[in-house]
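In what follows, structures are represented as structure tokens.
Note that chain A is present in both complexes that follow, paired respectively with chain B and with chain C.
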Partner chain A sequence: MKGTEVIFEDVSKFYGEVLGVNKVTLHIPPGITSLVGPNGSGKTTLMNLMTGLIHPGRGSITVLGLSPRDPEQLMRVTGYATQFDSAPRWATGMEFVSTGLTLYGYSPTEARDRAWQALEQVGLTEAAGRKVAGYSKGMRQRVRLAQAIAHDPQVLVLDEPLNGLDPLVRAETISLFRRYAAEGRHVILSSHVLQEVDLISDQVILIANGMIVAEGEIRGVRDEMSEHPSQFIIRCRDASRIASLLFCEDHVTEIKMNDDRLGLLVLTRNREEFSRALTRIALAGHVIDGVIPSDESVDALYEYLIGGGRA
Partner chain B sequence: MTITKVQVQQAWTIARIEMRRAFLSKRGLWVYLLALFPAVAFFGHGLQMKFMEERWSRNGLTQARVVDSFTKGEKVDEILKRAPNPSFDHEWTNRREDEGDRDDKDRKTQPEEPQRRRAISYYDGQRVIDLRFTNGVLVEKHVRFFRDPTDDRRVFAVIFQFFYLRLAIFFGCLGIFMNLFRGEMLDKTLHFWFLTPVRREVLLAGKYLAGLVASTVIFGGGALLGYAAMLWPNTGVDAQAFIAAAGWSHAFWYAAAATLGCLGYGSVFLAAGLLLKNPIIPAAVILLWESINNFLPAALQKLSVLYYLQSLCPESALIDEQQPLLRLLLAPAAPASKSLAVLGLVLVTALVLWAASRAVTRIEINYSTE
Partner chain C sequence: MAIYKRGYERYRGPLNGHWSRLLVLPRFAWQRLFQQRLVLVLMIASLIWPLLCGLFIYLSNRLDLLPRIPGDIENMLKINGKFFLIFMNTQAVFSVLLAALAGPGLIAPDLSNNALPLYFSRPLTRLDYVVARMTTLVGLLSLVTWLPGLLLFWMQSGMAGWDWFTKYWYLGVAVFCGFAVWILVVSLVALACSAYVKWRIVAGGLVLGFFFILTGVAQMVNAVLRVDWGSLLNPTRSMYILWSAMLGEEPPPGPGVWACVAMLTAMAVILGLILERKLRAVEVIS
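Moving on to the complex of A and B:
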């Protein structure tokens, strides 16, 4: 029987004495699922477990009914963009994506075609002939995404895929996730910021200290969340100009300028409106180097979200 | 487990990709130096020989039959008539008596009479014949082989067994095969392989194949080059006869020993690279194991790579029988026959690879994300 879910049954993983994850039971249906938790909470551990890079100390895992110990089957339906930011030194973007494809049985030309399509989807065709080692952080993020989607997998596992992306690319990447989810596939991604993913996710799994804290649809809490002002740090060249533009938005409640005049701290009541406003500003030609949600204390968020009901 | 066609193709694809790394790794340049050392050394030696031969035969060769006919007591003129083109000719006058070792008394009684002395040497293409004359009469005749092909071959056998098998191939395979998995752990790139639809055992096979091809080309090639460089200056009839009779088979067995050395040591170091983090410790342990092996009971000896490799070498590296200690140190107790040696080595390799394939399915990516 071929399953349709990613299933963790009572899974624990220790690294020696260090807890990775503890007694995790999860049933992940198709759609966009976000794993959210602070640094060191076990997000990467869960993803490595479902792709067979590490093995559980106890419990069992299946991905669409397949065991992660069987890469021959599993990796045909799974694509994993890791958090490890390393690429073979010798490879260009094109080689990096197409080399793996030859192991799926594609001929060299087929592999190149598919790699090209994948690079197209992440907007990296221009840099395809350059060495990955010379890519920027965001480009490396994207080339790993291209590699994960190149063989058209049913289950996409993406570790912090939005990290380091500029707003435009971020929007494109999110629409790619939505496309995949709409086709009935799994898109499992991780983030340490809830605001970054709650709007795009069908399901959110909150994890802290290796344990699942909350799991389910986030829509119920979203309205409540939107009343809660969110903080963002914007990195940009012309901070005062962007500050004045943002000040015209009525969802923005407060703006503080950084001392170096290269950053802004913005409080907004509506993150959706806020991200639309930023896109407008970016499209108008103002350079925005990055947007970082600054409510990184997920602990505080948990308090807020689930009323301090942490186990 | 049945092996499918797809798996074979995957292993070969991996091998092709990994060969580039195995051949061209920047960390691995020294491997080439090790492999080429015998060839370079013998080539240098050969050049020197050629140079000296050129000097000896500048005045032409003298036939062996002629130089053999010289006998003590002959006059220098007769000799020069029969062999008019010596390679070397030097004359001087000695105030002292010929047999200068006589005691003082003797010397004092005799009046000092100058003696004409002369040294003439001939070269017959293989031997140098040194003749000494006193007052025009042949008093001494020394015959030495200018170059002894048997000597060269013995030196090659010694270098091959003690340098090439024990050190060059040992450390070369350590460099090449340990790097296959451990190097990728250090570079944090191993997970790319684990995320392809390839069984870990197939990945292991592909990587092993890449290392094997690279090390065989480097060390098998190095052995053949070295052997050729050793034979190259030996143009004499005996040497040609040897090459025709046994040269090819010896070259084959040296290359075979080098290749099987890569096969055996390669599997050992591949497994060690999977099981252990630090390469120094297994290298030291294995080196120790291989070197004390001759003292172990026969059953344990058969678990060493060197035991089989020594049995494959076509010529003994033992200098002579008069060094019992050396003999004890270096000789395998009971050399295996060649076919048994090959079989034994393949079995040892298969056993080690089987253990490695168990290890590779358990291996986890434990490098961190930062």
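Moving on to the complex of A and C:
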């Protein structure tokens, strides 16, 4: 299993006296993993560590069993799109991607073919012959993604890959990530757009002040947080009656009724008991149109764990 | 537990070797360098002296073409270590100017554009990157140093015959090795300056300053302290002493050959450490 995971074991990295990340232990399986945290929390440091651009002061890292200190091996299975816009001014999109591929040892013809395929995947073939310096922000984002995927990596590390993309391209890019994940590859990305993270991630890593606050599947992380009652929205016709029945349950801590009297917001300390109670109510003949967990999202986790639990 | 299928096949075709991959970087750098008119002009200017030296060698072997000039003309036009020492000294100046022009554009733009992560996200180590960048300078400086030097040596060997070659074969070795050491020092200076200062023009000035200011400092130390070891601080002087010894000529008064070798080694180590410190993929906060 270790050969298929990205593993951090007690990793710490300090920039002089400034903390990068501290005592990070992580096991990242294949799939889409999102790094979520405020600015300066250590997301990019984690990405730079796993791609070997910087090395930890303490601890060890392996990527699919490979050490980041060996770029000759590691960068053949890893593609990294940094957040920096660093394409040379003279290069066209095609030259930028294909030149990068020649550094992997591909022949010029193979490099051109692969560069074209990569540009095709990010929808940039029409602008392939134009200079990168003349690209818009979204196009630069896509050409960076193209150079990261061009050598067909097994681990894709992307720093803020959805920034600056228009909705259509964003949807296409997300479907590309999903395709990669479905093939058993790692897609590790950082993002501030929490709704998107929620939508695309198989697992999230919440990081604050250089320390891992939570990691795992969003639902699993939420289940672990016993100090914050779970929130559910219940759509029903007989809201006041259902509210009175739920109040009889010990685990229910708070109920708010919608203004239209057709919905309830219920806070419970025990999700399983709550589920059983709802079943009993439904079997007793009360019509429940729907139950939606309202805080099983990265947004809510972010607020609880990093934003101080204001939600 | 999510289930994932390995539905893709990685490229398993042939790949180019390590060294040919490294040549990708200098290839583009040379392309851009020779698009600069100033580099071309300087390159052509630096080949004038080797041409004159070639003419000198031709005449020294064809004394019958010269009108009768009083004095020991044969001895005056002798091709020996002194001749190659003068040749090397002149070409060294041109090589510094070329390095000052070409060197700063090698690393400084990568640093100012935050492009190092882009390079290091490839199968390249930091050492590979430095070697690739240095190859650009080595190639450029070779054109004006040991390549014309060896051409002159072979020209003289061809014209003067086997006897001259067996007597002076070490001159060819000295020209090659002497220039190799010089190119290494000049390249390290240019790369370190380029890595230290992100602004190309300032980095170019720094390369020239390194050689000229250290020359001045060395003379000041000698004059103020009434010593001669101050010359060690002058890389050009140290190299001249080393070349003199390699070419079998009497070294000028001053520090010994081994002291010069030690000083040049120390300089190379310091410059290497500067590169090691500055060439990081991520800005290090101190």
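Just a few scattered comments:
The rule we apply is simple: the second predicted complex is superposed on the first by the 215 of 311 C-alpha atoms of A that agree within 3 Å, B and C clash if a C-alpha of one lies under 4 Å from a C-alpha of the other, contacts with A are read in each partner's own complex, and residues count from 1 in each chain.
Here, a residue touches a chain if its C-beta (ideal position, glycine included) is under 8 Å from a C-beta of that chain, and two chains touch if they have at least 3 such contacts.
Just so we're clear, the structure is a prediction, and the values are computed from it rather than from any experiment.
Under the clash rule set out above, the superposition-derived model of chain A with chain B and chain C contains a clash between the two partners. In the superposition on chain A, A:Gly290 makes contact with neither chain B nor chain C.
In the superposition on chain A, A:Glu72 contacts both chain B and chain C.
Of the two partner chains placed by the overlay, chain B and chain C both lie in contact with A:Thr51. Using the contact criterion defined above for the overlaid structures, shared-chain residue A:Gly123 touches neither chain B nor chain C, since it reaches no partner. More chain A residues lie in contact with C than with the other chain of the pair chain B and chain C. Once the two complexes are laid over each other on the shared chain, residue contacts for A:Tyr106 go to chain C alone; chain B is not touched. Of the two partner chains, chain C is the only one touched by A:Asp202; chain B is not.
Within the superposed three-chain model, A:Tyr15 lies in touch with chain B and with chain C [touch as defined at top]. In the superposition on chain A, no contact is made by A:Gly263 with either chain B or chain C. In the superposed three-chain arrangement, chain C is struck by just one stretch of chain B from 43-51, 133-141 or 277-285, namely 277-285. The intersection of chain A residues touching chain B with those touching chain C, taken from the two complexes, comprises 15, 48, 51-54, 71-76, 80, 82, 84-88, 90, 99-100, 102-105. Against chain A, in their complex, chain C makes its touches with residues 2, 4-8, 10-11, 13-18, 20-21, 24-25, 28, 32, 109, 113-115, 117-125, 280-282, 284-286.
Put simply, chain A touches chain B in their complex at residues 15, 44, 48, 51-55, 69-76, 80, 82-90, 99-100, 102-105, 159. Partner chain C is touched in their complex by these residues of chain A: 15-16, 18, 29-31, 48, 51-54, 71-76, 78-80, 82, 84-88, 90, 99-100, 102-107, 110, 114, 147-148, 151-152, 154, 181-185, 202.
Residue ranges on chain B touching chain A, taken from their complex, read 6, 9-10, 13-14, 17, 20-21, 187-189, 191-192, 194-200, 202, 361-362, 364-367, 369.
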